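In this document, chain identifiers A, B and C correspond to the written order of the chains, with residue numbering beginning at 1 in each.
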Amino acid sequence: MIIAQRLALGVLTLIVVSMVIFGAVSMLPGDFAEAILGQGATPQAVAAIRRDLGLDEPAILRYFSWLGDTLRGDLGVSYAQMNFQSNMGGGDNLRTVASQIAPRFANTMFLAGVTACIAVPFAVGLGILAALFRNSAFDKAANVSTLSSISSPEFFLAYILILFLAVLNPVLPSLSNIYEGMTLSERLEKTLLPALTLTLVVTAHMMRMTRAAIINLLASPYIEMARLKGVSPMRVIVRHALPNALAPIINVVALNLAYLITGVVVVEVVFVYPGIGQLFVDSVKNRDIPVVQACCLIFAAAYILLNLTADILSILSNPRLRHPK
Amino acid sequence: MTDTTARPVLLQMRDIRIEGRSDETWTPIINGVDLTLHKGEVLGLIGESGAGKSTLGLAAMGFTRDGVRISGGSITFDGIDLVNASAEQKRQLLGKRIAYVAQSAAASFNPAHKLIDQHAEAPVAHGTATRAEAEEDGIELYRKLRLPNPDEIGFRYPHQVSGGQLQRAMVAMAMSCRPDLIIFDEPTTALDVTTQIEVLAAIRHIVAEFDTAAIYITHDLAVVAQMADRIKVLLRGDEVEESDTRSMLEQPQEDYTKSLWAVREFQRPDKPPPAVDATPVISVQGITAAYGKIDVLHDVSFDIHAGRTVAVVGESGSGKSTAARVITGLLPPRVGQVELDGETLPLDYRKRSKDQLRQVQMIYQMADTALNPRKTIGEIIGRPVQFYMGLRGRRKRDRVAELLDQIELPPETYLDRLPSELSGGQKQRIGIARALAAEPRFIICDEVTSALDQLVAEGILRLLARLQDELGLSYMFITHDLATVRSIADEVVVMKDGRVVEQGPKPEMFRPPHHPYTDLLLSSVPEMDPDWLTNLLKERGVDDIGDASADKI
Amino acid sequence: MSVWTMILIALVAIAVAAWVGRFVGRRATGNAPRFRDMPYAVAFGYAFVLALLVWAVWYYLQPAVTEAGAPVAGVTFFRWAVHALIVFAIAAFLFRLLGRHVGTSATRKLFRHMPLTAAFGVLVILVYAILAIFAPLIAPYGQAVVFDQVNALPGGNPATGGNPAHPLGTDQIGRDLLSRLIYGAQNTVGIAFVTTLLAFVLGGSLGFLAAVLRGWFDQLMSRAVDVLMAIPSLIFALLLMTIASAWATQSWMLTVYMVFIIAVIDSTRVFRLSRAVGMNIVVMDYIEAAKLRGEGLGYLIFREILPNAYAPLLAEFGLRFCFVFLTIASLSFLGVGIQPPLADWGTMVRDLAQFINFAAFSPLTAALPIMAAGAIALLTVAVNFVVDWMLHRSSGLKE
């Protein structure tokens, strides 16, 4: 019941977010047609394209047709492509935004996946250790280093890693030129450095939050009670702390994966990684509105989805809700 | 209660010193206390908050919380040196030979596991029983502790069981390995009186049956009188005195102990009843009020006359605080009205005039949240003086000083202090001064003494009584503590589940016959007589106390 | 032998050393509780740190120049890092010492309980503030002055392509890098500060209003904020910057738009916090007492609520500032943030990034982009250290 409510809320949020994105874009001065054809365009040409794109219809209708297209997977045609076409005089092999985004989206997911595989076990493990040995030298060192890592811009960490792992000790390539037909190990090798950079950023956040959650938990009376029953320290952790820590840890992980989405943009640019983040930044610079719109929507959707997952999983792991009175 | 001191010594603590870490330095919590406990003996540890009772109780298990350490002295349990024992050695004792019952069972049971799983954990870990034996024994213990549905209740999760039952399940859990010693750390403090009595009876029964030694920690003298063979009184980490229960109750030696006992003796003289045709200061008429869609008050009516105190009693959830919210206008009722001096008050406080607001003042339970921590005492008391009376500058300062004098705090030392620099009792006095500053006719006192230690609470009650006599104030005194009712009330209103069960002048209310609920409530309040619980159980029988009895009403 | 085998061997050696060390410790101290109750994991930790220290000392003592005269970049960088760490630690220590003996009794007391990290943070913030305010006086040249020599290498040595007039060299169009680094403090930090302030005024006032008024206003604002927060902030900022760049006719206007865009996006987070803080205060009995007294809205917000919200708001201001600062730096790094000719660190990192490949020949040149990025990191680290200490202090007071 609660879960259905959350799901509905998630969908609603997504719809409203799409409205915001659409609304923001329609705040652009002039309109798409002028933007495509540039300043020297004849009024007739502008009017023609305007009709083609349906720009003469009211905003609300355009929103719904855009939304409908988007749901069908049709994200429109990139201006850059269209411009190219109008200058070069036609051609049927027009690449749609969807076909442009799809491979890059897969690449980004690959990067995020590799990062998550390294970062999640690492961060959760370290977080639990720091909580168990809190106020020790290890905890304090971890506190200072994670704080520094959180505070550093992604590109700072990226260049430090490049300096040490690519330039001074050429272990890994500093550019991630990924293309189709690479073997998995080649791909992994090229992805490792950006993944490590993201790991540093995300691990710090995740570890601090895990530590806080576990410390909070270890302070609860039932942990003290377990100790006072003479239960072994290992069993206190595994049997008494972990089942209750699951919800907060899941929450932390999902929140940080959502955070990863923002980090991906800068890191992809630094390593020239052909992901959606780089495409996004390029399109922002070229003012390629359909691509910007589509990327923005994808990022927002992933973000909302991950937060929703965090929400639902933590509801599911709460014994009070699993075993109602 | 037989003489247990002749039996062999089980636990011996010598000159024990404990320190706690605050602000990077170690400050003493316990400064050298001796404690001797014989086999099968129950020792009551009493003291006010901050006396170090819980710390001492945990130290008896060789355990200290984080940021606390044993800095000196020795603890010997049955020949084992607990201060120097290894972690592994101590673990062998905990749960098996020494067990612990915590204050809040709801927080001390792991929400992720069923009760019986948690019950069986210690016996299985220590190898005293197999899983199946432990479960069977658990069900047997639940039966002995008179838990409803003993066969089935263990298979529930903690949040599916009520507070009083959980507390008994925790006693069962402590008993699971048949330990030699159980530490009870305020096991009934969080419970309502009618529930408390059930738990007390259960604990006493089972401790006697298995001949277990126990340290019973509490701040409630009447409770400890029922439970303990001997009593030790602590004050800020020092022992005040120790002797067996009866001589401790009859002839306390030390001044501090005497003063604790004396609290119970404060009682105001009865006042003559108000004139029949007198207009009450506050008249609550037929109030039905709801939070959202659920009615929480049903047709509540009572009058409060000038210069008199009406105590509204009831357990948590009985609607007594809601009644106060209706009178102040924070919760406009659905039906009914409130009259001040015969005039109907607007139901919503926002519609009341400044003068109407001034006449009704309130004193809160938690003085910490009732005073703005960023304002000085002078500002806190000065604001209503300025707001209602329009006094400024010198005249305002004089009036504030006068008010501080009235609450027995010297103005020159307190005017510029912040609330955080005051003790709990002093804060509560500032709350009283703020109410007085409005020069009201009527003050609502919402559990004003329940967060305070008994001695301090006594001071507050005396102050309120004096102010009433001097200024002719009327009080509505919300409380769950019948001892407080006995000392200050003129009239009593008993509430249960949002309804007034019974009301009348105090002398009548403390004399039978009663409504069955009033009867239950009154009979459940522990008295200082060590035989009280025994007599009560004899009189009513084990099935006619606590929730079991409340359910019948 | 591959790197992995070496790491594996080292780990095994450490593991053995840990066991032996604990065993010897138990024997030597006659089973003192410290060694008796030490879990193996802790012993391993000690051994690991010890091994790391030994390696660090060994590596530090390696020659920084090969026999042929070429620099060994790794050792050079490592020595720089160690020196920087030691200098920072000493500076922070001296600063704290100074703070303990100079100033009012309140500040002296503050410094007495301050951890070294927080003292370091305060010191760095002070230095940045001075740099930012007095940049025109400190910097040798103006931020937009173009010199003849382009791409002068750092070091100031003409033999290696440097110029004594430009200790850090010049950029690709001949601007003095040292001056631009110093002006960067003024532009990057100043703009981030103004943006954060704006976000606080906007988010804070609406948040408190929502907490006090409740009802439809609270509902409306909270739902709007929910929606805005559902879009990742950097992505949203990039989208809005695209639109802004279409509106901006001059480059300085884009910078102004950026300030407003980031302020609005960030004010949602401030709104959440101040609303939550406000709600916690509004349920207090002293607020109820003030309401029942008949006090007005203004008195409630400014006299009763705000004084109790300063501590969490100040901490949040620090964190928000870091976040805004990093967002602006990232936008500039991506090329859509602060626009030239204003000098700023994010843009500098992007422009100088390719120098990192020269690390093997000229460590100082490779250090240039790191220096600009490090300037950003240093300030955010410093602010975070101070905030961490403040939060720790306020949570300690509650107990």
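In this section, contacts are C-beta pairs under 8 Å (C-beta built on N, C-alpha and C of every residue); 3 or more make two chains touch, one makes a residue touch a chain.
The model shown is predicted, which means the values in this text are computed figures rather than measured ones.
J.: Comparing the two chain pairs, does A-C have more C-beta contacts than B-C, or is it the other way round?
T.: Taking the two pairs in turn, the one with more contacts turns out to be A-C.
J.: Relative to the centroid of every protein C-alpha atom displayed, which chain's own C-alpha centroid is closest?
T.: The most central chain, going by mean C-alpha position, is C.
J.: Measuring centre to centre with CA averages, how many angstrom lie between subunit A and subunit B?
T.: Their C-alpha centroids are separated by 52 Å.
J.: Distance-wise, how many Å sit between the C-alpha centres of subunit B and subunit C, to the nearest whole number?
T.: The computed centroid separation for subunit B versus subunit C comes out at 49 Å.
J.: Distance-wise, how many Å sit between the C-alpha centres of subunit A and subunit C, to the nearest whole number?
T.: 23
J.: Inside the complex, what are the residues of subunit C that reach subunit B?
T.: For subunit C paired with subunit B, touching residues are 33, 36-37, 113, 284-286, 288-289, 291-295, 304, 307-308, 396.
J.: Would you tell me which residues of subunit C are touching subunit A in their complex?
T.: Spelled out, the residues of subunit C in touch with subunit A are 3, 39, 41-42, 45, 73-74, 77, 117, 226-228, 230-236, 238-243, 245-247, 322, 326, 329-330, 333-336, 346, 349, 353, 356-357, 359-360, 366, 369-370, 373-374, 376-377, 380-381, 383-385, 388.
J.: Which positions of subunit A touch subunit C when the two form their complex?
T.: By the definition above, subunit A touches subunit C via 13-14, 16-17, 20-21, 24-25, 27-30, 35, 129, 133, 138, 143-144, 147-148, 150-156, 159-160, 162-164, 167-169, 171, 174, 233, 258, 261-262, 265-266, 269-270, 280-281, 283-285, 287, 289, 292-293, 295-296, 299-300, 303-304, 307.
J.: For the complex, give me every residue of subunit A touching subunit B.
T.: So the residues of subunit A in touch with subunit B come to 220-222, 224-232, 235, 239-240, 243-244, 319-320, 323, 325.
J.: Within the complex, which stretch of subunit B touches subunit C?
T.: 23-24, 84, 86-87, 328-330, 349, 352, 354, 357, 360, 362, 364, 366, 369-375, 383-384, 387-388, 434, 438
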